[in-house]
Structures are given as structure tokens and as C-alpha cells.
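Common to both upcoming complexes is chain A, partnered first by chain B, then by chain C.
On to the complex of A and B.
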């Protein structure tokens, strides 16, 4: 027995170490002492943006007397935007030209020489520039949530976030088909839309771009719904689209670069024509925490318009001189 | 020579295995955030498909059958060693130690007491099959299949014999662990066997610090005290030991008559070989009889006292349950509900559940602990009482025999028995 004394002492020490480890774990795991630790969602560090990345400065704000802004659109360098059930038409310098009232909240709009197209939750209405009703479409099903509207090649495209599809209408308001973002051979994902953020726009080359927010991807579709190209930026860093359903809104600059707008950690950025991050228009500090993504549009001189849903204002961001 | 049927069977097995593993591939890759973020390694194994689970059960059964053949028929320590290394590789490192038979008893306990908890057939198989084998052939599972046992077995360096009294006392720990594991599992509090599984961190090549350290410490102890976890903690070993005591075809040290040469006596690093006993003196017999009567009368008293004591302690035991602890915390320190940095508190506050509902749930769990601690106390009292009783029960043994409850059927003793060698020599002649 004595000849193993040293070994027994070692064993006793090791056994005590085991007991100590177990007790320490029990002590540490009590709810009282358990903090969120690694599970705390903390993105504060990502809200800071280097000043060298900022390409625009805010030059003007139009405070809106409304409960909920709708959408913003630029046509012939004139700004059209909606708030509640009203349509505002203003010049590029901010002077109001016209204000038209309609019957209920307008989600988005598009304008051409012939008409002003207004998008509601589940249907579309077209008016002349003198506010005469040209047509209204039949109401879609209960799941429909219309979020975006564009005009291309004599057709009207409507994004339906509720049904994860794009509806196509003739200019007289008659349905002309729909597509769901899946290819003929089923090679595409389809639209992964998990909340009512489903934007689209047409660039200067007449390309229809749709944001597949569930996979942080910008997708270029033909009018028939064939996927032609895409680019993707995922990440919480400034180069990527962070969190769920982003970019929630986007638009094009006159030269085809992308202006993207993200919700949650709200930030507005510019990507070049190939989808590479270029600069920041407005950093998160310009917006409310966990805010909504502002709708975006651009004037001919690259001034970017943000329709801020949280601060209820139309904000102008002019490009900084290089 | 390979027969045609044998080749077909081999090909079929390979194809079946490949198919089964193809079924458990992840259908969708993990999201890639392209931010330089490194995905942490999972510390729990990926879920397995039903087909692969079936293969696991098949491998378990085949390994146990192989262990029986090697221990009882071939009597090959080398064969058992290689089989145990395979089991360590498969059930330990490949299967990442989950699900293991040891932990499965908690799933079974929870399923018995919580009607809302269903136990899978795979878990049931891992719990029952080793017990069935133990009932017929002894603790083959421990010696040949259990990765927890094998990893300890491989590090035995200089085993020391512990004093008999210390062994007896330490031998009570597995019962204690079993009792608490069942109580905690049955009340939905925690799976403490998994939480403090010392080797799972090694099998998964990654785990919280305390789990890795537990494994390292147990392996260090295991160099001098053979299989410390199996002998002095393993709760499943208690059940296997009970089954094994009734096994009719248990491993034997000698293939024929023991010649009492004592050569095997020191070969067992687990002190599981019992020496032959002589006749007891009349005085000793009388003394034992008197003690037996006293202990037999004391057993119910001890059991009741232990049950009563643990029942009194149930409010403290119940605090191990997170619901009970949270309810107590928020009742005694209401200001804690504003502690938004505490994950449990903020989760509760965000759930919209009222404090009254939480305390009702806590009361129900306390009630379960009150009843459970009575049973646990009685169980532990009986274990203690019967351990005392065992000290005065005389069992006559002819020759050196393995203790059916403690022997893990590792086969180390085979090569020490000259009877076997004698038989082999005879065959040569």
C-alpha cells in the first residue's frame, strides 16, 4: 500500500480536480449568473462607417404631414411620391407643383407620358395626369401584398410579395401573365420573400431587375420571367446586405449603378454595374435604430432621394465632390 | 474461398452502406456570409437519417455478437481488444459518442414520466440491446463495445489496487449518479449524464473547456485506477451489472476446472476476480447471522430515513430546474426582470408569459421533485442497506471466478490461466 502512496496522492488530487470542475460548472450555469454572452445580438460595431466611404451629403429635407409614406419615383427629373392617400409632384429643387388625393394608402407608383400608375395592396389603378381614372384592375387574392410597380416595353410589372410572384399587365389593365422566378427547368430558386419587401426597377438599358431579398440577390429577368443574370452580396459588413429581406428597396442611378436601401440596420449604399460595393450614401447613424428601409430614387444629377418611413420625410442626398 | 453468395452479400452490404450514408448528407449547405466569419464546429453531431440509425443499431448488435463469440467461444483477448478499438472508432469518434447507451437511460426515464416526450426506436434499441446481451452473456458491452469504457481501457498503465473499503464506498457512487440522473431526466430538468460525459468532448474533437478537462482528468486517473468512470460513476453500468448477475453464460477465467494456481488473481485491473472461499468458523457464521438479522431489520428503516431526508431536501434539488430557479429568482428579486442582459430572464419576459403562470409551472415541477426525491431516497437507502448486507453474506466459491456484476468481460485473464495452455499443449501433442 505504501509503495503506491505517491500514485494515490496523485489520484486524490485528480479526483478533487474533477469535483472542483463539476462544482464550478454548476455554479457558473445558474440562471442568475448566465448572461447572454455570445448570443447577444450586437451590431453596434457595424453601424460605424468610415468617412472615406461616404459619397453623399444630405442637403434638404421635406417633412411630410402624413402617417405613412408610400413610394417615390422620378420621371423627367420631376419627383413623384406618395404619402397616405396623396400623391405629391415636386420639382427637382423641391418646389411643390401639385398634390392629388386618392381614396386609400398608395404603396408605390410609376409614371410615364400617358398615365400615373398607383399601386395598392392588391390592385392597380391608372390615372391621367389630370387625375381621370383610366382603369383599375381586379383585386387579387387575399394573400396578395403588392409592393412595387415598374413599366417596361409597354407592360406593367407588379411585385406581389404575398404570393412571391411578379404579375404582368397590359397598359389597359388586363392581365398578361405572371412568373415566380423559377426557370423552365426549375434551375432557379424562385423568389424567397419572407416579408413584404419585394422591390424591382428598370435600368437605363431597359433591363428588369428584381431583388430576391431572401437570398440577398439582385436578379435580372426578361419580361417573360427568364433569369438572365444576377449578383449577390451577403454579409453584415458594409459591403454586404445584412439580416433578413435586404435590400428592401433599390433604384438605379442614370449610369446604371445601383442604389440599395437596407432595413434593420438602415443604410443606403451604391454598387457599381457589376454589383461591387462602391460607396455609402447614408450611414446607419442617419436613421432610427431598427428602422424601415427608405424607398429610393435618383435625379439626373445623381442626387439621391430617400423616402424615410420612420422620420416621415423626403430626404435629398447630393453627391460630394471628389 | 469466397462463394458467389458471399460476394453478393458483400456487394449488397457495401451498396446499402453507401446508399444509407448518401441519405444523411445535408441537403442545403450552411449559409455563407462571406464576411470572414468562421462557422464554429458543431459540438453536437448532425441529425442522422433513419437508414443510418438502423445501421448503427445493426453495428451495435454485430459488435455485441462478435464480443460474445470472442469472449465465450474464442476466448481471445487480442480479438476483444481489436473489436473494442473498432467500437471506439465507430461509436466514439465516428458517431461522436451520441447516442450512447449510457445516456439513453435518461431518454427512457423522461419518456416514462413525460407523456409528451417520445423516445425513438434507435434510442430504445441502444438502451435495451446491451442489457439483453448482459442478461445472457455478462457485460460484453462494457468490454468490447462501449467507447467510454474502451478509451479508458487503452490508457491503463500501472493499475493500483484500491483498499477494499474505499472500493465499496466508491462503488455506491454509480447508484447515486443513476438515481439523480433519472430524477433530473424524469422531471425534465437536465440530462446530467450527457452534460458531464467526460469523453464526448474528446470524441467530437471539440467541446466546452470543462468537458475536455473532465476527459483528460479521467484518463490521467485511468492510468492508475483502471476504468474509473465505469467502476465508480457509470449509471448504465449499474443496470448492466444487475443483468449480468443473472447471466447463465458469463465469461469464465478457465475453460475447464480451476486449479487455484492464483495466476489470474492479479491479472484483472478491475479487481473483479473473486478468490475461492474456505469454510467459515462456527463463531464467524454466528456473528454473520446476527449481523444479517440486524441489517435486514435496518434496511427498511434506512430506506425510509433516506427517503424522508431527500424529500426534505427536494426544494433545494428542484432549484436545479431552470423553471423553478427562474420563478424563485423573479419572486424574491423582482427587479431582476429588468435585467435585459440575462438571456433566460429576457427570453421569459419576451414570451409574454405571466409570473403567475411561471410560478404555477414551478410548483408542478417542485411537486414532481417531492415525489421523486422520496423514491430516490428509498432507492439509495436500499442500495446502502443491501451493500451492508452483502458484507455479511457468505458465498462459497470453488476456484477463482469473475464477479458477474463487476467483470466487464475484457478477457485479460484468459492468457494467465495455465489450464488453457495445458489444453493447447495437449492438443499439440
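On to the complex of A and C.
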């Protein structure tokens, strides 16, 4: 009797052990827990940014009821931005002043005392501040994709990503020439633009800066297209620009530092006047994975504005106190 | 009086052959028509849903996965620093094995002209792990994608990879359009 009891206990223990093993095996091999083995490329590490590098915090978001935001521009500390075919004019505190509707999607814009200049895929239109048409330019060829617009020395400069060139117009809309870029050291291969990201801006010293995205280089050109200076940052780490087309957007802070915005692993950073990495405004975790680079602009108090194409928001980032 | 329904042997054999031949022709035509009108399906990966989890390499029933990297050249930036070719910590932009992201060196880097480089997939070496696709998607234009190659795939009733795909990126698609390739939108959308 005792002997049978012992055998029964051993069998029960063995059965329990088998059940435990089977359970553990099922748990381990459940679909959710399975991984792709040793061949997974973990890019998450590159999305993490040390808190000591973060210089700004997000303070406000304006949700946009639109299908596709366009561009953002600051003039006299007033924010002008476009979404679909509409132009929004808002104060620095986020209060809306005016909303104007136009005929089709606006890619970018620039504003001065005389006019509001709107950039479409292959032409440019200028309106008075009361929305009266001043001029519209001839449509360029079907390969044109106009992506950026700046005003400098009484001329209008337009970046054409499709044809990899900068077009120049007089303020009455008449063409005034064009130029192709050069390599980082003056090589004659021009602008390397492999997607529809081709940005430019004018800093406080009235210098025209254009980003040659394919070689991760910021280039300073004269109005005639002569390369004056440049700086380059290549690398996948936080200090550099990676991929085929970065930085996709940039703008200047009032003191001449650069705000850069990258696509793919979206991140917004600040570089000093000499092109040295300084800090991170917004880490990749703030954006959608493999997203579009937000357009950038800055207010007088160093608040940075990001026009987020994926989340369809205008986002405000204020500087953290040191 | 009754009808004489007698058929002689010769007539009977002739008639039988005619009926048989007619049935064979009609059957063949019907079968062909059915084959032509019925849509067959094959398994394929939607590159817009794929998250490059690595399971295509580990879960295919074949010894070497039927999933391979495919290059959509019209999206490629032909970059010197290619996120799909180089490890993030590569010590220099050269073809040295230690700098390459691909575990089997299945991507060939070829100089075109300054500053362009072309990247060619050596399909025989590709194991479908998707490391290069992840690098290209995270840092570049996303021109490298994973696709099931139908000259290798055995088209299982239930695809073993589809069963474990975390993003439901694998589904059956009509055999007359067997690949889902990115491309041809680089200048119509900000991609």
C-alpha cells in the first residue's frame, strides 16, 4: 500500500513537472514573444537622447484641421503658416488673427511689408495683406517641385527640388535668372536633392543659406549663386545628419544659430553659427516613426515653431532655463 | 409496329467517338476558361506596413527564406553614407566587412560618379533579415524593401511568416500583380 502511494506521488510530481515544462515552452514560443533572432537591427538606441542635450520643452500645440500642412514663417513676431489652401495668421501667443483661403495647396510662404508670397508646386503668387493678387508667375516645367521661398535684397529666391536649382525673380514676378549649386568644396556636381526636400533661409546678416541635403551640407551663396562658405555634418549619431536628404528643413534663431529638422528618424537640433552641434530641441520620441521632417521657424524670444506634417499640428518649443 | 432502333457496331463506335471527342473539347475549353477567369493568389509583403522585425528570416519554412531585399532604384538617393549599407558606428565609409550592416554582405556598393554610389542586392546571399531595410527606412528614403520572391516561395496554404508577422504586413494578392513595390511618388509627395 505504502509502495503504491510512493509511486503515485512520483507520477504526480513528474506530471506536474511535464505540465510546467509544456506551459513554459508554450509561453516562450507564443507569437508575441518571438523575435527575429540575432538579425534584428535595433535603431531604438539612436532614438534616445540624453536629457542633458535637450534644450527646449514643448509648451503648446495647435491642432490643424487639414489634410496636409504647408510652411511656417515668422515676420514681425507674427506667425504665418499654411495648411492645405489656407493661410493662418496668428499672434506669438497662439491667438488667431486672420485666416485666408486660396485656390490650392501652398508649399511655402514668405512675408514682408509689401506682400505675402505663396509658393505652389511650379509657380509663385504674391498678394497684398488684404488678399489682392499682385502677380503670379509663369508655371515652370512639369518636373518642377517648388519647396522653399525667401526674400533677399529686393529679389525672390525659390528652391526647385525637381530641377535641383534656385530660381530668382524680381519683386514684380519677372524671372531674374537661376543658378545650380556646387559641392562642399566647390565641386561642380550641383545640388544633390533626392527627395522633395530643398530648403533655404536668410539669416540676420542677410546671408542666403541653402541646404545641399544629399551631402549634408549647409551652404552660403551670394545672390548670384557664388559659394561663399559652408559647413558639413555627416553621421548617424546625434551630432550628424544621416541618410539621403538631411537636414530636410532649417531656420535661424535671432542670434544666427541654426535650427535643423531631419526626416526618417525625425529630430530637431540646434547648431551654433560655425556649424557645431549644440543641443536637441525635440528628440525622435516626440514624432512618428519614419516621419516627415517638420518645417521650422523661430520667434524673437527663441521659441521654436515646428509644423508637424504627420501629427498635423503647429508645435511650440520654449527654451529651458539653464 | 415498333421503331427499329437497332444500331450496328460500326455506327455505335463512330457515335461514341464523336461524343467522346466533343466532351473532351468542351472539357478542355471549360477548364481553360476557368483557369483564365479564376484569380490565383500569392503571398506578398506590403512594404508600407513592414516593420523589419526579422521574422521573415527566421520563420519561413524554407532553409533560406524566400523573402529577399529588393531595391526600388527610383527612390534611392545613391548616398555615400547609406543607412542601409553601413553600420551606424562604421569607422569609415568603405566596403570593409566590419563596416557593413548586412550579416551576409549581400549588398554591393559601387562608385558611380562623385558623390554618387549605387547599391546592388546580391539575391543569392540575401537571407531576408531586413536589417538594411530598417537602416534605409530609418535614415534614408526607404528605397530598400522586403519582398517574397515567387521563384523561391512554395506558396504554402498558410504562410508561416504571415502567421507571426506583428504588423499584418503579409497577405495574399492576385498572381497577376505579384509584387508591391514602392516608388514613382518621390516627387509628388514629400517622402
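The rule we apply is simple: the second predicted complex is superposed on the first by the 272 of 322 C-alpha atoms of A that agree within 3 Å, B and C clash if a C-alpha of one lies under 4 Å from a C-alpha of the other, contacts with A are read in each partner's own complex, and residues count from 1 in each chain.
Quick note on the criterion: a contact is a pair of C-beta atoms (placed from the backbone, for glycine too) under 8 Å apart; a residue touches a chain by one contact, two chains touch by 3 or more.
Computed from a predicted structure; not experimentally measured.
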{"item": "Which superposed partner A:22 touches (first chain B, second chain C, both, neither)", "value": "first"}
{"item": "Chain B versus chain C as contact partner of A:8, first or second or both or neither", "value": "first"}
{"item": "Touched partner set for A:101, first chain B, second chain C, both or neither", "value": "neither"}
{"item": "Touched partner set for A:265, first chain B, second chain C, both or neither", "value": "second"}
{"item": "Touching partner for A:244 - first (chain B), second (chain C), both, neither", "value": "second"}
{"item": "Partner, of chain C and chain B, that touches more residues belonging to chain A", "value": "C"}
{"item": "Which superposed partner A:236 touches (first chain B, second chain C, both, neither)", "value": "both"}
{"item": "First (chain B), second (chain C), both or neither touched by A:309", "value": "second"}
{"item": "Those residues of chain A which chain B touches in one complex and chain C touches in the other", "value": "31-32, 34-37, 39-40, 234-237"}
{"item": "Interfacial residue positions of chain B with respect to chain A in the complex", "value": "31-35, 158, 160, 163, 195-196, 210, 213-214, 217-218, 220-221, 224-225, 322, 325-326, 329, 336, 341-346"}
{"item": "Residues of chain A touching chain B in the complex", "value": "1, 4, 7-8, 10-11, 14-15, 17-18, 21-22, 24-25, 30-32, 34-37, 39-40, 233-237, 240"}
{"item": "Contact set on chain A toward chain C in their complex", "value": "31-32, 34-37, 39-41, 43, 46, 143, 145, 161-162, 183, 187, 189, 192, 194-197, 214-216, 234-237, 242-245, 264-265, 290, 292, 309"}
{"item": "In the complex, chain C residues that touch chain A", "value": "52-59, 76-81, 83, 88, 101, 103, 113-116, 127, 129-131, 134-135, 137-142, 163-164, 166, 186-187, 189-191"}
